[in-house]
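Next, two complexes with subunit A in common: one pairs it with subunit B, the other with subunit C.
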Partner chain A sequence: MTEENAEKTPVEKTSTEAAGRATGLSRRGVLGAGGAGVLAGAALGAGLVSVARADDSAAPTYGGRIPFHGDHQAGIATPVQDRLHFAAFDVVTTDRARLVAMLREWTIAAEAMTAGRPAGRGAVGGNVLAPPDDTGEALGLDASRLTLTIGFGPSLFGRFGLEGRRPAALVDLPHFPGDRLDPARSGGDLCVQACADDPQVAVHAVRNLARIGFGVVSVRWSQLGFGKTSSTTPDAQTPRNMMGFKDGTENVPGTDAAQLDEHVWATAEDGADWMAGGSYLVARRIRMHIETWDRTGLREQEDIIGRDKGEGAPRGRQKERDKVILEAMKPDAHVRLAHPDTNGGAKILRRGYSFTDGTDGLGRLDAGLFFLAYQRNVTKGFVQIQKSLGADALNEYIQHVGSGVFAVPPGVAKGGFWGDTLFT
Partner chain B sequence: MTEENAEKTPVEKTSTEAAGRATGLSRRGVLGAGGAGVLAGAALGAGLVSVARADDSAAPTYGGRIPFHGDHQAGIATPVQDRLHFAAFDVVTTDRARLVAMLREWTIAAEAMTAGRPAGRGAVGGNVLAPPDDTGEALGLDASRLTLTIGFGPSLFGRFGLEGRRPAALVDLPHFPGDRLDPARSGGDLCVQACADDPQVAVHAVRNLARIGFGVVSVRWSQLGFGKTSSTTPDAQTPRNMMGFKDGTENVPGTDAAQLDEHVWATAEDGADWMAGGSYLVARRIRMHIETWDRTGLREQEDIIGRDKGEGAPRGRQKERDKVILEAMKPDAHVRLAHPDTNGGAKILRRGYSFTDGTDGLGRLDAGLFFLAYQRNVTKGFVQIQKSLGADALNEYIQHVGSGVFAVPPGVAKGGFWGDTLFT
Partner chain C sequence: MRSVPLLAVTGLLSVTALAACGGEDKPADPNALTITSTDTECEVSKTELAAGSNTFKILNKGTQVTEVYFYGPDGKIVSEKENIGPGTNYDITVSLSSGDQQIACKPGMVGDGIKQNIKVSGQASALDPRLTKAVADYRAYIDAQIADTMAKTQKFAESVKKGDVDGAKALYAQSRFGWESIEPVAEAFGDIDPKVDLREADLESGDTWSGWHKIEKALWVKKTTKGEEGTADQLLADLKTLQDQVHTVDITPASMANGAKELLDEVATGKITGEEEAFSHTDLVDFQANLDGAQKVFELLKPVVVEKDAALDKTLTDGFATLQTLLKKYDEGNGAKTSYDKVKPADRKELSDAVNALAEPLSKLAATVG
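And now, the complex of A and B:
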């Protein structure tokens, strides 16, 4: 248990001092180290660092730094940042030692980047004849609340001497009615979730991990999310999804330790010692048929969701966080079918992001929700809820087109590395 | 010439008062109008509106409002906002009257959305049995410096009685060596460039125009940009592209009226009366082979670009904005070949955005630059420069994969509509 972890959602401003304390230079400092950039470094220093956001009142400072080390990986209970870059990787080596070496290298890079420092010796230092250790597009940007969270997919456990280490809780997801999963957007031996307030910082982080992993891993699929649709902070406003509604109000708040222990953090008793303090992640790319939705009447939209559109209040109530009256909703309303009371108390921690990835060749926007659900037990969490949603009136307007399930190991102690409880 | 246009880059805070002055309700106000949301509306009101950004010092207030009306369309000389959603449309009707009616409807919606108001009667008002006039996902968000800019592609001018109205300056782009253009990411009868500080606001705007245009237009392709790579404000820091470099320092600043007149704003003498005060847009989707770039040595990267990576100073100089010494660069350096002095004084106004659209099926990120060049004369601007860049050392690392050229008509006066100089 590290000092950072003892605090509640602790964050430091990425001041030059704070970044400089660590082993490397800050991204801003490294500009100066390049020789010519002292003035530029100073001028850039006044950016986003301490801009408070009134719409996320319990969140750490916008643009600041979130500690990498702790009992749990950051990026799960952490207040949801504005942007996402999620990547799934295939492991392309057969050499366990190379994979472990890469995980160690990744950890060092993740420690640096989440602290607002460049990877390695940076983008401009070192031997000018060699490729830089950092790709450079985040030079001058601050830590931006970057979190990097790693997970291991089922396919990893048939190799590398990991046979027998697959947690029982890491189930293969069943086929759900309506699923139309694209293999090119599904699965993966590893995943990395990068969340940050600045998308350039999230993209930079994934790209640099991919660069470091060259020859060991290959990007299988990746997803950019431009708008968060969840808040893990109970007193913050719930953002709206691409249907124009607030959703996910009843999910586990990242600030509620008791609920996190009950619903999110795995223990050794859940089937794998090495996963104690970790969690299980289900990622689903959910395409929304927004053109059809947009031609649906307001009352019908509200009946389908089970909330009013303006305020987000459950049917029959006045405010978003008023207690839900399930009987006031239609039997096939989304909120009713997803609600814990309909699912034997099942709850997940949700980090969802909207996406828009161009068009689908039929004149329609390829848009929807990239849904990230963290839970202690996939069968009792996502699978239970998704089975219930088989009757969801919303299914006419959505389709699950990508899917992944990952064992997200516990947090890394100082000196440790991502996955060390599994690989050592 | 409207009152707003008389000011320099004028912006109003989207206070309830400012939004309320106009014909409709603000997006926040409409929550209240929905009946249950008065408290929510007030709570949301304290968001991003007036958060100044030190890295863009000459820019209007971050999150504020940019006037829609004026001699020129907003979104060209306007200081570059953080995010982009660009969409090209095919016109699917053969009925000129329907097309014109849609352009009138689009204009009314654009006036509302750029002012931070919902389209039409909003997402929750009106007849509950009818689909809402606004899709709702931007409810509670402010204007976010949203600009909407329309353009007309060459293919529009063969129909609708527009034969003979095609400006001579709206040339078809020649094939350039190395082009590998995907028809599914090229062309279009119309385009809309949506720029905003919040991507949800930009995506919302394009989506609502597509919804309003149902039956008249169909989305042909669209592109999300997550990170601006240009600044049209000379004293702001130039952002970095996905190669980690600053680029475009020498382009036309949006604050320099003489340069805008010389290089950007079309006049009647440029070949079409109806385009006076407009401009010509070239849009190129430029894929970067970032994995190859990332394995290139630092000095070689700097030689290829012609600037140092840390500061962005031209070869042989100390600071980004020091005068370029072309002879200090290699003959095939990017900056040298793109420089006005190499191209008979040719200059463009540049609004570029980075993109990352998942992966390419070969384990590589589909990432690069979505390049938007505005100019008075495409042949003397983009075509001249791009021909010169045929010898660019950078060509080993990039590929143009999408392309469009559009006549961007002049600004709209109050009571007018997008394209009224062409269609009336």
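And now, the complex of A and C:
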């Protein structure tokens, strides 16, 4: 916050920020309407029901709060926010107790930040000789639908007494033709997916977790995403990816409990009891060859994707949500090869984001899709579909350059902590 | 050193802390001290103050960006805050010592500004005797480190003046060791630090370059000592000035702790990146000196830390041990370390992680002993 901002938000009191944790006030708790704002905030909080429980009537509005606690972690079936900061961490300690203690600390910070409160004892108002617990750049911003979702990578399971706890479903991804994976953008013992409507809220969350984690974990790589490419709310407008096409029209809806149970949520019967209610995440950094794509004729672009560019209608149909006729598409069309009917019914919940990391040394846009997909079974989900996409006409314009696979544990109950089903 | 502080006010001067910005709408504390800076005036709400920690709210009611300086009874800058925009305010906490002194507002941030006389009386509350001892022991450590750096710089200068390039190269890193172990103290003297430790990349146009790094470049890039004889003499003279003046620095337990944190900051921003020793690549020797200097501070404060925050004590004890062990891997005998250009990116990341792991809890030390 700059001095100028302080002047422009005269109602906000920094002393309240500091007290936020103790009183349960949000970062914006007393903004605007003074005491009434607090009441409104409390009422909103009480009225929220986890969307993961298929109750979409209470879906939080833009900028609001998504409950941290629940049967499933938020950030999977909950509505997709606009922005992403995804971070993969290496565990640098050999001390299991320190790792568990950090996961508890992370959970407390995540509970606060997803509720729009600062981490720890806040960003201001504490001992002036000490650096503040919270880094402060989210002061005055609302909860912004922040969700924080943790996952555990395969490399974690050889240590900390976790040998034998690795779920069979957490497979190492095979090499796919065309992969050019950078080890510096791949793997990780832990991951945190931070999604929010305001990018500063997402970055703030990862920054504060990384800071809490110093000495226990170290950021291995991270990725910012600036625009959602998939929606988990079918009534929402389907977003477009960097190729200009609508992406994720037939995604698993976050409100469809039957589909989520079939394709997304793991059960104890799937091989690891601690993963019941969790899911498996595949993250891929997919670089797009933007310049060559932009030089491709419109008909060819539409043939490659299998939908028309304007409406998003499948080939041979009129409207975006008209039933797909696979046979109307070219044999190597992307949508055809990725479709459940081509893959034995395989479906994954996509939650990817467009990224642009400036330009590369050759003046080309370093842009693409940071693909995030949740599924109950990685082999039957992503691996099956990606094998099918080996013949994809789109491969000429994309390249997978980063990769990670993570077991995403079930949601946290009040009083519990991230990964408690694995570590206790 | 990384930058050229025109007015090097670091944690080791009497600056206790700077608070964040605050809104003017805060409920007015009747005892709060205010400094109102306008285009023509510098008004301090109370001009007779008690020694010790005082918090001021600086209000800029002028039309220009302003800055405020606190001068001690000896006329030296005790604290300062720059870039306070028109219509904004800033809270600053300053530790004042007894005597007549001045506060200056500088609307437009030029010139001597508008000065206001203040009278400070009394004594700051007595320190825990263990902390008094820690400060005294730290002063002795500073003196020893300066003596060490001067003795080794003397030999280094002799090699330079003899034209012995190899001899000078061998002595270069060790001549800096004592300096690097107490650098935040030296930075309190704003003019000495840039004279002895300025890097080429930090030169501004019109600056005259002097000090260790100028000779470093001559030795490693030009491969000669020619023309650096005067630089070597000047370096020794500047270190002598530091030795003569260092006893005037106000040292408190909190400023010691902040200095330790600053030493780790030096590592994190200058050594891990290999920027400090761009030609000699002796960064790891500086790293060792910074680490040893920070550890010395912690060990001196430890008796109080153990009592006030046993968990922090354990974290710091373990953190220093871990980083020392890691750094030992790069020992090449006689104080020499692996040339930093030979340290691979993955190993640099390992060092960086260990520095972050220690520096984060170390940042809590000042509040624990302050």
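For this structure, a couple of remarks:
One rule holds for everything that comes next: the second predicted complex is superposed on the first by the 367 of 424 C-alpha atoms of A that agree within 3 Å, B and C clash if a C-alpha of one lies under 4 Å from a C-alpha of the other, contacts with A are read in each partner's own complex, and residues count from 1 in each chain.
By definition in this document, a residue touches a chain if its C-beta (ideal position, glycine included) is under 8 Å from a C-beta of that chain, and two chains touch if they have at least 3 such contacts.
If you're wondering where the values come from, they're calculated on a predicted model, not measured in any experiment.
In the superposed model, A:G215 lies in contact with subunit C only, and not with subunit B. Looking at the superposition, the partner that touches the larger set of subunit A residues, subunit B or subunit C, turns out to be B.
When the two complexes are overlaid on their common chain A, residue A:L129 makes contact with subunit B and with subunit C alike. By the touch criterion stated above, A:G415 is placed in contact with neither subunit B nor subunit C. Residue contacts after overlaying the shared chain place A:G344 against neither subunit B nor subunit C. Of the two partner chains placed around the shared chain by superposition, subunit B is the only one that A:T296 touches, whereas subunit C remains out of contact.
By the document's definition of touching, neither partner reaches A:G161: not subunit B, not subunit C. Shared interface residues of subunit A (contacting subunit B in one complex, subunit C in the other): 92, 123-124, 127-132, 136, 211, 214, 218. Taken in their complex, subunit C has these residues touching subunit A: 16-26, 55, 84-85, 87-90, 93, 254, 315, 319, 349, 353, 356-361, 363-364, 366-367, 370.
Residue ranges of subunit A in contact with subunit C, taken from their complex: 1-4, 6-7, 9-15, 92, 123-124, 127-132, 136, 211, 214-216, 218.
Every residue of subunit B that touches subunit A in the complex is listed here, in rising order: 30-31, 33-37, 39-40, 43-44, 46-48, 51, 53-55, 83, 85, 90, 92, 123-124, 126-132, 134-140, 184-185, 198-200, 203, 206-207, 210-211, 214, 218-224, 226-227, 237, 240-245, 290-291, 294-302, 308-313, 318-320, 354, 356-359, 361, 363-365, 367.
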